[in-house]
Structures are given as structure tokens and as C-alpha cells.
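Across the two complexes that follow, subunit A remains constant while its partner is subunit B and subsequently subunit C.
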Partner chain A sequence: MLLQVVGIDTYYGSSHTLQGLSIEVPHGSVVALVGRNGAGKSTTLKSIMGVVPVTRGTIRFAGEEIHRLPLHQVARRGIAYVPEERGIFASLTVDEHLTLSGRRGGGERRFPPRRLYATFPELAERRRHRGNELSGGEQQMLAIARAMAQEPRLLMLDEPTEGLAPAIVERIGAVLRMLRRDGMTMLLVEQNYPFAMSLAERAYVLGKGRIRWGGTASALADRPAVTHTWLGV
Partner chain B sequence: MLLDPGFLIVQTLNGLQLAALLFLLSVGLSVVFGLMNFINLAHGTLFMAGAYLALSAVRAFDSFWLALLLAPLGVAVLGGLLYLVLLRHLERADPMRQVLATFGLIFVGVEVVDLVWGSLPHTIAVPPVLAGSSLILGQVYPTYRLFIIALGVLLFALLYAALERTRLGAVVRAGVDDRDMVAALGINIGSVFLLVFCLGCLLAGLAGAVAAPVFSIFPGMDLSVLILALIVVVLGGPGSLKGVAAGSLIIGVVDTYGQVVVPELARLTVYGLMAAILLYKPAGLIPVRGAR
Partner chain C sequence: MRSRDRWQLPAAALLAAAAAAVWWRADLFTMELLAEVAILAIFTMSLQLLVGVTGMVSLGHAGFLAAGAYTTAAATLFWGWPPAAALVLSVAVAALLAAAAGLFVIRLSGVFFIMITLAVGQMFHAFFFRAQRFGGDNGLAGTPRIDLAALGLDSGAPGTFAAFALICAALVYLLLLLVTRSPFGMMLGAIHQNESRLASLGCPVRRYKLAAFTAAGAVAGVAGALTAQHTGFISPDLAFWTFSGEALIIVILGGSGSLAGAAAGAAVFVLLRDLLSSGSFWSGLSLPPELASHWQLFMGMLFIAVVLAARDGLYGRLAWLIEALHTRRRARR
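After this line comes the complex of A and B, so read on.
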């Protein structure tokens, strides 16, 4: 098991956002977190990353407890995070985004800038442009490319298709499928239920800060009561 | 008076000289503010420390140039200690606590200086190479003041290149945009901040050492420059290097002319200008891209 979240509680301000939440992400799998707005999906990713503190429970990554580590240490363990708001730096060029996050040290790199630009030709054309000059779709591609440059063992994506045109959603879907074939472990938060189900092997349904259902993606398709109650589909 | 070209040239050069000092002093304040949302009112105290350390270094080694090297380094170390012992714990505190703690440091600084160096004003001699006057645009002007202007321009160019062309510069720019996201890339933003903080202190110390032969050195010499530096930061837009340069130029020149042309109103010209500019550009003249 690459990631094990066991019984975590997280408060966001004074509201009790996550209540005894547990999920598991096996090596090389794609796991989706689905649920309505405010169900606690984004907070789950932020808790794993260490952006918001967990008050109870444990988070283990590759066997090591990481829930007390500062954000940059969690990232160095091999977790890359594409936040919902994308986190693109307005004053950095596309090139700088990819070199800033590029893993330092020796060894062959899986995703050197050359390969990232081949994956996202749209970014190659804009490599000297700054973050605030990019369109929403370009920003999302850059956020994913930047995460790939970190060469993570786990890639966490928060709403990667939100607010994007269908053609861009299709492009991003193709890249994520390519990563899945490559064996990248991914934890995906999505409002776009069909998109999530087209990628994920396993799914957790969140409602009001708790796990309401967990199992394989194909089993979820046969549980209309679950999807109706907690997803409204 | 205002139509005499000689007067205009000399006063403009005086303004540029003040601008160069303000730039050195304000850069650290601005970047620290932009990067960490941290208000360090003791920044002026570091300027004063630079002047006094230069004074002691000149007395000890009888070399202005050695003093110009040692004093900023001493201030950088002092700033680093101050950060590790006190300021680090205030990073996430509310602004009122930051203001109170660093405001307190201003008084501590004045008292310490008074104890060590006494309350009488001191001065440092201009180094012989720069002691005379030069002819510029037909006007005789002190060479040392031209040196200050050149130093300001040189450091702006160096800092601009470092910020735009190096990896550390990119990390600093990214940190001003979104600090948590930098950490999420595995970069220890805390150690980057310590480095930037020390560099800012070094430049404030340099400003103090460079100003020492021009200003008189006395306990409390930091207060008037601190106010001007704060105005420069707010006017230029916190965290923006170009903003600091623009703010320094405007405040340096306007303050100089204000003192000469309408001495009765003196600083009021600067305050009035700040109010007027902020009314139209609340984020400052050259805000950081994407600043929220």
C-alpha cells in the first residue's frame, strides 16, 4: 500500500470537516474521491499534503508516518499536488515553473522539460510567457506538467477539469491515461463523475466529511442508491 | 530659483543620492514584506547599526573600504540572529504583534547604541579617493555623493539580474506569489526566507555605512529614514524590486525639493504625494504580478 490514511479528523476553522476518514491508495493504481461540493474531498488532499493539520489519526506514505511533517518534507517524500486553484506563479515563466520543481540531483530523469513539452506542445509555444499570461487550460496543463517534473511517487489532482472547455478536458484525460499506463499512482478528486470513472480503478464516495462507500469503480456503477444519495447522479 | 539650471541640477543630484540610499534601505523591507507579509519596523535600526559598525571599523582599521565591507556583514549576522531568536516566532502572528515587537526593538536599538557609542553625534571622513568634487553638467558636485548614486544603480542592476536570472531569484518571486505552493514543490521556503532576510539586512547595513560620511551618526538617526523607507515600500508595491526603485526615485527627489523649496511644509510634500498616489493606485505603483 503506497498511501494509508487512517481515521483522520481535520478542522477547517471551527467546522469539523473530516471525521474519522480512512482511505487507501495501492501502488500503481488510480483512486478517485467523489462527492458533492463541501463533502471534504479537497480537505482530504490538503490534509495528506500537510497544508491543513490533522488533529487525530495517522497518514502513512510508503510505510512512513507523514502527518506531522511540514509541507516541503511531504513533497520531498514523493507526493506532488495539483491544487484546485492550480497554484501557478504569476511572475514565473513556463520554463521557470518546470525547472523550479524539477527534481535535483543525479540520475536519469523520467520527465525532463523536453518530454514535458512533447506531451504539452501548447506549453512549448509559450515557454517564455509568464503564469498570468496563460489561459485557464494552459495553466492547468502547466500545473500538471510541473507536478510531473517533480517525478512523484503519488500524484494528487484536485478538480483538474473544472471550468475547462471539453477539448481541453479531453487533452488532460489523454495525458492522465498516459500516466496511468506508465504506472503512476494517482489520487484524483473530481466533480466530473464520468471523467473520474473513466480513469479510476477504485473510488471512494465522500459525504459530509465521512467515507460513505468504497470499492472498485465498476462496482460503484452498479450501486445507483449510493450515487443517487451522495452524488446526485 | 526654480528656473536656475545650476540649482535644478544640484538638487536633482541630491535627490538621486537620497534615492540611492532609500533604495538600499527599502529593498530588504519590501521583499521581506512581500514574501512573508512581515512588517519589520526595526529595519531602520539595522541602518543605524551599519553606520555605527562602520564608525568602529574605521576607528579600528583606519580604512573606509574595509568598513564598507565589514559593517554590512556585521549587520547581516545581527539580522540573522534577530530573526532566529525573535522574529521567526512572529511570522505567523497577527500584524499588531509584529508591529509592537519590532517597534520595541527600535527603542532597544537606540539605547544599545547610546550605551556603546554614547549620545554625541559622530561622523566618518570621506575616503581620500572620493574626497574632492567633480564637474558634472557644468556644476561642481561632491564626488562621494556621485559614488552613492552609482552604487545604488549598480546594486539595482545586480539585484534585478539575480531575481530574474537565477534559480534562487525564481524561488523568491514564486514565494511572493504563493508561499505554500513553493513549499508543496519540496522547497524549504523557511531557509530561503532566512537568506533573503539576511541579504535585506546586509543592504540596510550597507546603506548605513555609505550614509555615514554624509549624515551625522547619532542614536535615533534611524527614525526619519525608517518613515521614508516605509513610504517607499507602500508606494512601490510590497515585494516588487522595480516598485522599490520607482518609489525611491520619487520620494528621494520630492523630499529633497520639498525641503529646499517649501521648507515650512518639509515632509508634508512626501505624505501628500503618498496619499495622492495610493488614492489612484492602492496596490502601489508597480505591484507584483498577480498580487491579490
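After this line comes the complex of A and C, so read on.
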């Protein structure tokens, strides 16, 4: 098991956001976290990353407890995180974004800039443009490319299709399918239920900070009561 | 497009040319002002590295300037070191103290960072105020200037020392420009924009912040050493928080993020202070010359006007104006 989250509690002020949440992400699999707005999906990713502190429970990554590590150490263990707001630096160029996360470790790189630009030719054309000069779709592609440049063992994506045109959603989907074929382990938070199910092998349904259902993605399709109650579909 | 950034070097070159032109025709008093501007510019550029580049607003930066000044004074007066060696020692001591303080202060951000840097600066002030070895609240007098006799120059002459201070300011500008345009500077800029995002990419943000804090302290040490040499007298007031606050105002006035802006802000500040505190200036406007003693009030009003009219400072407004003219000219073609 690459990632094990066991009974974590997370608070935002006095709000008990995650309540004893447990999930598992096996090596080489794509796991989707689905749920309504405010269910705790994004908070789960932030808790794993260490952006928000976990008050109870443990998080193990490749057998090592990571929930007390500082943010940059979690990233250095091999977890890349694409946040919902993308986190593009306005003053840095596309090229510079890719060097920000691509400067550690020796050995052969899975995702050298050449491959990233081949994957996202839109970015290659705009490599000298700054973050604030890119469209929403280009920013999302850059956020994913930057995460790939980290050479992660686990890629966590928070709402990668949020607010994007259908053509861009299709492009993002194609890239994520390519990564899945490549054996990349992914944890995907997505409100776009069909998009999430088209990629994931396993799924967890979140509701009010707790896991309400967990199993294979195909099994979830056969549980209309679950999807209706917790996802509204 | 690099937009505003591309005017950095032309602005600095313009500033240097203006300083050289003033120096060429200056009288003795103006030479003293020029030296003061150059030293203050070194100090404000060092603060710019913290405030405008990295996003760390410090209210205790004058502490490191004072540490540099006292080190130069102590090394030359007590141990008989030549002023040039004392300058190097001042930089090392200021850097060391900044690194030691930085280990603690960089753990905080926002208003807490401002408060802890204020406390650090005041600790320097309290130490020098109480340290009788360093003259206590009376300060220390008699720090010699750098010996330029080997070049056939007398640093005691106001013109020579002003030129020396201006060259130091230019070198500091070029050094800091290299730093801000290096990959290290790129990281500092990213910290300013989104520290947590950079950390989640695996960047040891605290290490970068500590390096920036130390580098800024070292450059403030240069300003301190030159201050001691320029006036020959130093006092604990150099470490007082109001001096840090003044430097912060200059950085905002000049344009946050721009080294040339910080230097230009220093020049505007010294010249305005000189103008507004002169009785003959007010007499010339047919106003009572007593107003000169209230120069800080008028300076404050001017700063408020600048901040309201140009939130990105003098440099930002100038760059915006040139950009707008460029765009208009292109549109006409």
C-alpha cells in the first residue's frame, strides 16, 4: 500500500472537518474521492500534504509516518499536490515553474521538460510567458506539468476540471489517462462524477467529513442509493 | 513580457547619471548629502530584499546597520584595525547576527514577524544604550574614514568620500540585482507570492528566508560601516525602531520590489528632508520660517499623498507611465 490514512481528525477552527477518516491508495492505482461541496474532499488532500494539521490518527506513505513532517518534507517524500486554485506564481514564466519543482535528485528523470512540453504543447508555445498571462486551462495544465516535474510517487489532484471548457477537460483527461497507463499512482478529488469514474479504479464517497462508502469504481455504479444520497446523482 | 522589470536597469542608470552629474557640480554641503543618500540607499536596498522581494516586512533592520557601525567603530578605535578591514568585519558581524536572529524570526510571518523584528531591533538599541564600553547613550566619536592614499585620494575630502559611497551603492545595487535575478531570487519572489505553495513543491522555504534575512543583514552592515566612517560619530539611535520605520517608508515610497526604486526613494527622502527643514525654503514661499521645525509633519503629508496616488511607489508610477506611452505609440503605428 502506498498511502494509508488511518482515522484522521482535522479541524478548521472549531469546525470538525474530518472525523476519523480512513482511506488507502495502492501502488499504481487511481483512487477517486467524491462527494458534495463541503464534504471534506479538499481537506483530506490538504491533511495528507500537511497544509492543515491532523489532530488525531496517522498518515503513512510508503510505510513511513508523514503527518508530523513539515510541508516541504512531505513533498520530498514523493507526493505532488495540484490544488484547486492551481497555485500558479504570477511573476514566474512557464519555464521557471517547471524548474521550481525539477531541481532535486539525480538519476534519469521520468518527466524531463522535453517530455512535459510534448505532453502539453500549449505550454511549449508559451514557455516564456508569465503565470498571470496564461488562460485558466493553460494554468491548470501548468499546475499538472509542474507536479509531474516533481517526479512524484503519488499525484494528488484537487478538482482538476473545475471551471474549464469541455475541450480542456478532455485534454486533461487524456493526460491523466496517459499517466495511469504509465503506472502513476493518483488520488483524485473531483465533483465531476463521470470524469472521476472514467479514470478511477477505486472510489471513496465522502459525506460530512466521514467515509460513507468505499470500493471499486464499477461497484459504485451499482449503488444508486449511495450515489443519490451522498452525491446527488 | 517582463513589463515593469525591464525598466529596472534604465532607471538605475538614470539614477547613477543624475548622481554623477550632481557630484560633478556639487559644493561641500551637497557632497555630504550625496554621501548620506548613497549610504541610505544601500540600507534601503538591503531592506528591499526583505520587504519587496521576499515579502518579509521588518521593523528591526536598523539593528544590523547599528551592529555594522559599532563594529567598525570598535575595530578602528579599540583595536587599531584599518577602516577597510573593519568594513569587512562589520559585514561579517552583521551577517552573523542576522543569521542568529533569523533562526527565530523566520518562523513567524505577517504581523508577528513585524513585531518580533521590532523586538530584535530594540534589543540592539537597548544593548548599545547600556554598553558603557561603546559610549552608552553618548555614543562613540572619532571613527576614521577609509584610507585611499594609495590611490592618491584623501577620503577626508567630502567629494572623495561621496564618490566612494556612491561607488559602494552602485556595487551593492549590481550585487543585489544579480541575487534577485538568480534562481535564488526567483525562489524569494515565489515565497513572497505563495509561501505554502512553494513548500508543497518541496522547497525548504525557511532556509531560503534565513538566507535572505542574513544577506539583507550583511548589506545593512555595509551601510552601518559607511555611516560610522561618514559622520565619525555613532549612537544607539542608529538601532532605534524609528530608523527602521523610516527605511520602510522609503522602500514603499520608492516602489516595493524595485532596487532602483529603493535607491531613488532614499534620494527623495534626504533631499525633501533637507528642503523642508530649511527656514529659507519656507521664507521663499512667503511662509513663516518656523515651519521648518515641523518638517516631519509635511514629510508625513507628502508620503500619504504619494501612497494614495501611487500605491506601487515612484518607480511603479514611472514604469507605468513609460509603458502607457509605449503602448500609445505602438497603437498609433
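In the analysis below, the second predicted complex is superposed on the first by the 231 of 233 C-alpha atoms of A that agree within 3 Å, B and C clash if a C-alpha of one lies under 4 Å from a C-alpha of the other, contacts with A are read in each partner's own complex, and residues count from 1 in each chain.
Simple rule for what comes next: a contact is a pair of C-beta atoms (placed from the backbone, for glycine too) under 8 Å apart; a residue touches a chain by one contact, two chains touch by 3 or more.
Quantities reported herein were computed from a predicted structural model and do not represent experimental measurements.
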| item | value |
| --- | --- |
| Joint occupancy of subunit A by subunit B and subunit C, clash or fit | clash |
| Contacts of A:V51 with subunit B and subunit C, given as first, second, both or neither | both |
| Which of subunit B and subunit C A:L100 touches, first, second, both or neither | both |
| Touched partner set for A:E24, first subunit B, second subunit C, both or neither | neither |
| First (subunit B), second (subunit C), both or neither touched by A:E201 | neither |
| Partner chain(s) touched by A:D9 [first = subunit B, second = subunit C, both, neither] | neither |
| First, second, both or neither for A:E84, with subunit B first and subunit C second | neither |
| Doubly contacted subunit A residues - partners subunit C and subunit B | 49, 51, 70-72, 75-76, 81, 83, 87, 89-92, 96, 99-101, 130, 146, 150 |
| Touching residues on subunit C, where the partner in the complex is subunit A | 1, 183, 186-187, 189-190, 193-194, 196-205 |
| Of subunit A, residues touching subunit B in the complex | 49, 51, 70-72, 75-76, 81, 83, 87, 89-92, 96, 99-101, 130-132, 146, 150 |
| Complex contacts: residues of subunit B adjacent to subunit A | 167, 170-171, 173-174, 176-178, 180-181, 183-189, 288-291 |
| Sites on subunit A touched by subunit C in the complex | 49, 51, 70-72, 74-76, 80-81, 83, 87, 89-92, 96, 99-101, 104, 129-130, 133, 146, 150 |
